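Structures incoming, each one as structure tokens.
Two complexes follow with chain A in common, the first pairing it with chain B and the second with chain C.
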Partner chain A sequence: MPVNGTSSTGPTAAAGSAAAPQLRRAVVVGGNRIPFARTGGAYTKSSNQDMLTAALDGLIARFGLQDERIGEVAAGAVLKHSRDFNLTREAVLGSALSAETPAYDVQQACATGLETVLGLANKIKLGQIDSAIAGGVDSASDAPIAVSEGLREILLDLNRAKTLPQRLQVLSRLRPKDLAPDAPNTGEPRTGLSMGEHQALTTAQWKITREAQDELAYNSHRNLAAAYDAGFFDDLLTPYRGLSKDSNLRADTTPEKLAGLKPVFGKNLGAAATMTAGNSTPLTDGASTVLLASEDWADAHDLPKLATVLDGEAAAVDFVHGKDGLLMAPAFAVPRLLARHGLSFADIDFFEIHEAFAGTVLSTLAAWEDEEFCRTRLGLDGALGSVDRAKLNVNGSSLAAGHPFAATGGRIVATLAKMLHAKGQVDGRPARGLISICAAGGQGVVAILEAH
Partner chain B sequence: MTAPQAVILGEMPSLSKLYVNAAATAARRRLLGAHTGTQLPGSSHEVRGVQAGVANLTAYQHLIGETASDVLPAGFIHALTFPLSMSVMNRDDFPLPLLGMIHLTNKVVQSAPVLFTEALDIRAWAENLRGHRAGTQLDLVAEVRGAGEDFVRWRGVSSYLAKGVFLPGIDKPSPAAAPAGFTAPNPTALWQLGVDTGRAYASVSGDFNPIHLSVLSAKALGLRRSIAHGMYLASRALADVGAMKGDAFSWDVAFEAPVFLPARVALDIGTVQAEDGAWLRSEYVAWSPHSGRKHFSGSVASLK
Partner chain C sequence: MTDKYTQFVSRGFGKDIAKRLGLPQPVVLRRHQPGEPLVRGPVLVQGSGGGADELAAALLSWDLDVRRHAVPREKLGAIILVLDEAARPEDLEKPVLAAAASLRDLAANARVVTVSRAAAGAPGPAAAAARQGVDGLLRSLAKELRAGATANGIVLADGAGTTSPSALGALRFFLSGRSAFVDGQFLTVSTTAGQQPADAEKPLAGKVAVVTGAARGIGAAIARTLHRDGATVVVVDIPAAGDHLATVANEVHGTALQLDISREDAGARIIGHAVERHGRLDIVIHNAGITRDKLLANMDQGRWNSVIAVNIAAQLRINEALLASEHFRDAPRIVSVASTSGIAGNRGQTNYAASKGGVIGMVRATAPLLAAHGGSINAVAPGFIETEMTARIPFATREVARRLNSLQQGGRPGDVAEAIAFLASDAAGGISGEVLRVCGQNLVGA
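Moving on to the complex of A and B:
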């Protein structure tokens, strides 16, 4: 089913432009992450830098990159201390990579990890660099806590005060309420609603049932547990702080257990409240990395080429005024990306749709099946289509693994690249996988990878 | 020299009890004038199945400037073995007063990495009692193996001086040549050590030696202010050398002028590379940017 993206704003004709330079391929060599841990668990005292370095050092060991000068390393964290302004570079300096490896930080909420992959892959395609490491890390346990706005202003003024009377005068402004710390939360700055509350509205809008959400959560746990049992993660993960598996994984969960949980989001919706701790991702700590390279670099280093990074697309929605749900941007990005390559869902062999909440995945799938939405909002002739559930998150996703915000992109890219490599060719063409990640601020980043 | 006959202890001795006991022994020896001899204890002490606490490990790594990885830093292993070494010096047949001994040098050979998840067998003993122009010195040796293994993964030799103690029958070596004058190079780092540096290290190493804790406790032992722990300083230098040292390396330090807290310490780390660019060793020296006196120097070298 070819897609006609009439309203898409993407550069649909770029591929045919005579001025387009000849691009190289950017390949995924492999990945490494540390197991994801529920907040307050095994990584409670580990900083973002610790975890990113641990994931990086595992990658270095796996691919023999000791003392190697990598073209560039990009990673990021969503919950980030101000002292970690150079988080990725500091992690590189603490790792076994050559100290002459440059690095930079990226922040695009939950899309951070995927955006680092796309940005670095583009640099490789352009010939600016030959090798790169993309990554992301987040700690909900070791989160930054800021002083209150009142105390912050007083401290800054105190620093500027020159004389003792001036200092005393500044200090006299201090009130008990100024001492209350300002902890980070998952609320959207413009709406005051938490991400879960936003999704609860979307879930209700798309009439996603509790049963469907619990089923998706159950499949996520079942698929992830099966992947561990099959040794799928043996070359994608290094143990850290005593964990060798994601601590959120409940291999023994059942649909009955999930059905027994009380709703936690959207409770003001009354009977429509369907989102529980079981079908929402918990706060998690963890880090992931992905090694990218040009084909020549991979060959010269005798390293595998699992998949190529074909292309990516970002989208954003106006959730502030209620036009679309906070986490619905990928519903717009995916059809634009497919259209650019003349692809349809039938041409995709694996769908990796990040499970921020089961309701997010199901709302997105429902939107793509909805004729009116696809016609009026996506500018298509009809429904985009149905995603074959047998191809969806086949080795589990965030509901089971957990979701350390910036680390999820790297987890998915490495997982998908390995799956594509194993699949090889489908009907005489390389196996293809679609990644879709929603993010705070009404954003989404999606990408297509192909088996190499 | 191999380890003497081992006395196996049921658990790692408590450092605080050892310090109290050492103080009591010192008082008793002062009162009674008792002298225990000129021989080192004929036994080593061993504890089996020791495991590092992960919370303590992380706190240590953050204080020293190491990334919180699962590999135990070589200086952390020193801290892990230290109570056992102390227990050897606390034996009734140990001939020197424990309190007030000065740490002269420390040499570590880390032959293979040790993970925090591993159970360890640790053995410690004293050897090489010998004269020093200012008193008597000896070596405390500690060895760490994986539980039940023969291969020594970490070996530390700490040389201590009992200043002003001269034991009969132990020769005083001829006075050392005057130390070469020290000219400070350009620093590669400048450490700001707060007055709480000693307490912070005590809380992660478990070594609550009063000379490091506070001005008052240090004065009680005859120092004008508290001093930074030598192994804290050497461990920070090791952390600054970084990941290039790999899994197997040697790490030496020689201590000179103590670092009175608070202090600024200037550091220079130089790297020696092979012709192909491979790291051979890093040499470090630290001094006071205020007085120019050398505090300590040492090296970290590849074992490969």
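Moving on to the complex of A and C:
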């Protein structure tokens, strides 16, 4: 959102000039996702298209959208086969929606899901469309594997070669090492470090303890398990391939069990290594969808209006030169978004901070509490403030549910919308929730939802 | 699907062999297809009273080829035996023997329907004997018929006549392919309530129906049939069955509600969903049920309690919410799935049979409560139905079970669904507190 980024004038910026069109509200009607599965588990044989179609069909069934022409569907995947260039449209064609529903793909690393929500909500606000489905999917099991760069060049040259001698000459360039496939990884292209190694540096920089990270992970599992027990996900989730709960959830985990795990990231940091498989998210497969609409469309279809999408903000950091941690962009996006609406942490009732790693959440919270950081890096007068832990990820988050990259945004938006609807009004104003999602490439997207 | 044996003996060589060896000769039953005629062939109305005349006149308005006298060797689609004026057992002779002369002229998949009065309201012992006599007559005749033909009876309570809306509704149901697997059964028309649908192909047009246990099997078939008949359908099943439920919802253009019906607030959730999303609630089909079979000697608390909780306690609690709701007041209809196990018993199913017997008791006691709103409640008791569940029965046991009825084959989930759709329609509004068996006249049980 570079347009918003240029205006630092505060709360009235969204209203714009007098000539700006009157904006409608974009509401979250509800959501549907399939349970998230640890990679190599229940969805090993499922493609991104299979999973996204299943998530769509569950949404269609929940809200009676069969043969409905939706304004637009946007979704995406981070790990994507080249054949899936039209992934979302193909999923729509395979679903029970009208085949006349247009669709497009979005890709913004782990922020993909939230960005689809914001982009579509903006179209609804502008009156371009009346209804939309935002979504995301990822499979680390069915990941694309490419041929090596050497083999790829040889194959392309071979295709261009016209005569047999030319072809033989091209083939003679082939070496055994060219046959090794090129598997995807989560490493940053510009640093060569994996995301976990990057976060390990940030975690150490902000002096986040092992105990604090394990406690956050424990709370995530405990909160998610309690939400399942209460039937919270009965209208947010549709089973898939025999799975009816997130397979990463460990309802019986204890702080002791988490404390017993060995560090997996930042091992070169020695005693400062604190990040384990327990307080980091595992690779996960899954898909999520969110139904968005104008108020009129929701009313005309007798559908609920859970929450409004108030606004969103993106940020990016220069992690390449070590100025900020790879996953710290939300630390910058949140204060900008709050300022645009004249809000502070006291005005937020639910904080949904994506748990890429427990260290990410805790580093971000620490940064907001740090006067020096907030003054010098955020340009504030003092510390942004503390997040009330009782309002943080109250129904669990990615450490327990898992994190199929592009599907996380949809999971959080639908979950938060339901929570806000249940909360209703707080002190005479609609309940508010803040979403913060960090992403590869040093990016972050954040958003505010309000109870309708 | 028709089972392989039935396919084999239905034609050619297989038919010949079965005949020579005296093997069971099930036929492929005539089942309702939208647009098909109600009956194939002329309909003979036997009986001489005013009720018979009125009925024959009503049938003419259905564009049927109605006969009051048989033409020898002309194939008949149905015989309607009107016995409503029988005052003494001797009165049965004339119409019954007249009908008997035409039995050999019945076409395959033909229908015999008796119309008689309830013995319970008879003015004296002789009339009661004549009326109750029809019961034995009909059940025996059903066992005599062959080639997919069935015999069923309509019993008129005091106040109801041969052309009362639900008498005609039941007659239409029995004549049609919708009752393919209903044989040797009676439906009592207790009041003149009910009305014929404006469109016979869409008897549930404008209605909103909820079906529990709809993710698969009989429940999914019920959802499809109600949708075909014009209803907007809300399909309900436990969250763990949500993927199959979504498939059914999308197929019937309805909405899926993932809900454990044994939850305390299930009734409120069902009413809320139907009213908020579809504006009203007219029909609730209690189909969800589980089996936890064990001999009573080996029964444990978990098996007993879970079956009672899901199969009957949940229905009672949901009905309480329905009866208390202002949204369930406009000729509401409830149909519960019982089981022949609940009537005749089944070894190893004490818990299940107790729950299904409970359903029957509940239905009878709830009927007067719904009558205040012009509503009705009935039960359907399936016999051997070809489902994923019965497909798991060992081959020999299954083969015996499916042949032990007058039609010598298992029913289909759709057969149960057809009976339910009929009882959920306004044409059945004068029928309440009844248990209709869909069992092909199972030889076991009443």
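Heads up, the rule we're going with is that the second predicted complex is superposed on the first by the 438 of 452 C-alpha atoms of A that agree within 3 Å, B and C clash if a C-alpha of one lies under 4 Å from a C-alpha of the other, contacts with A are read in each partner's own complex, and residues count from 1 in each chain.
The rule we apply is simple: contacts are C-beta pairs under 8 Å (C-beta built on N, C-alpha and C of every residue); 3 or more make two chains touch, one makes a residue touch a chain.
None of these values were measured; they are calculated from a predicted model.
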*Aligned on chain A, chain B and chain C: do they clash or fit?*
clash
*Who does A:26 touch here: chain B (first), chain C (second), both, or neither?*
neither
*Touching partner for A:235 - first (chain B), second (chain C), both, neither*: second
*asked:* Between chain B and chain C, whom does A:380 touch in the aligned arrangement: first, second, both, or neither?
replied: neither
*Regarding the shared-chain residue A:73, is it in contact with chain B (first), chain C (second), both, or neither?*
neither
*Just chain B (first), just chain C (second), both, or neither: which does A:37 touch?*
neither
*Using the touch definition from the top, say if A:62 reaches chain B (first), chain C (second), both or neither.*
second
*Between chain B (first) and chain C (second), which does A:93 come into contact with in this model arrangement: first, second, both, or neither?*
first
*Between chain B (first) and chain C (second), which, if any, makes contact with A:244: first, second, both or neither?*
second
*Pick one for A:195: touches chain B only (first), chain C only (second), both, or neither.*
neither
*Looking at the overlay, which bit of chain C runs into chain B, 77-85, 383-391 or 419-427?*
383-391
*asked:* Output the chain A positions appearing in both contact lists, the one against chain B and the one against chain C.
replied: 54, 57, 66-67, 96, 239-241
*Within their complex, state which residues of chain B touch chain A.*
54-55, 58-59, 61-62, 67-70, 116-117, 242-244, 246, 278-279
*Would you mind writing out the residues of chain C in touch with chain A in their complex?*
239-243, 245-247, 249-250, 253-260, 263, 276-279
_Residue ranges of chain A in contact with chain C within the complex_ = 54, 57-58, 60-64, 66-67, 96, 231, 233-235, 237-241, 244, 302-304
*chain B contact footprint on chain A (complex, rising order)*: 45-47, 49-50, 53-54, 57, 66-67, 91, 93-96, 99, 239-242
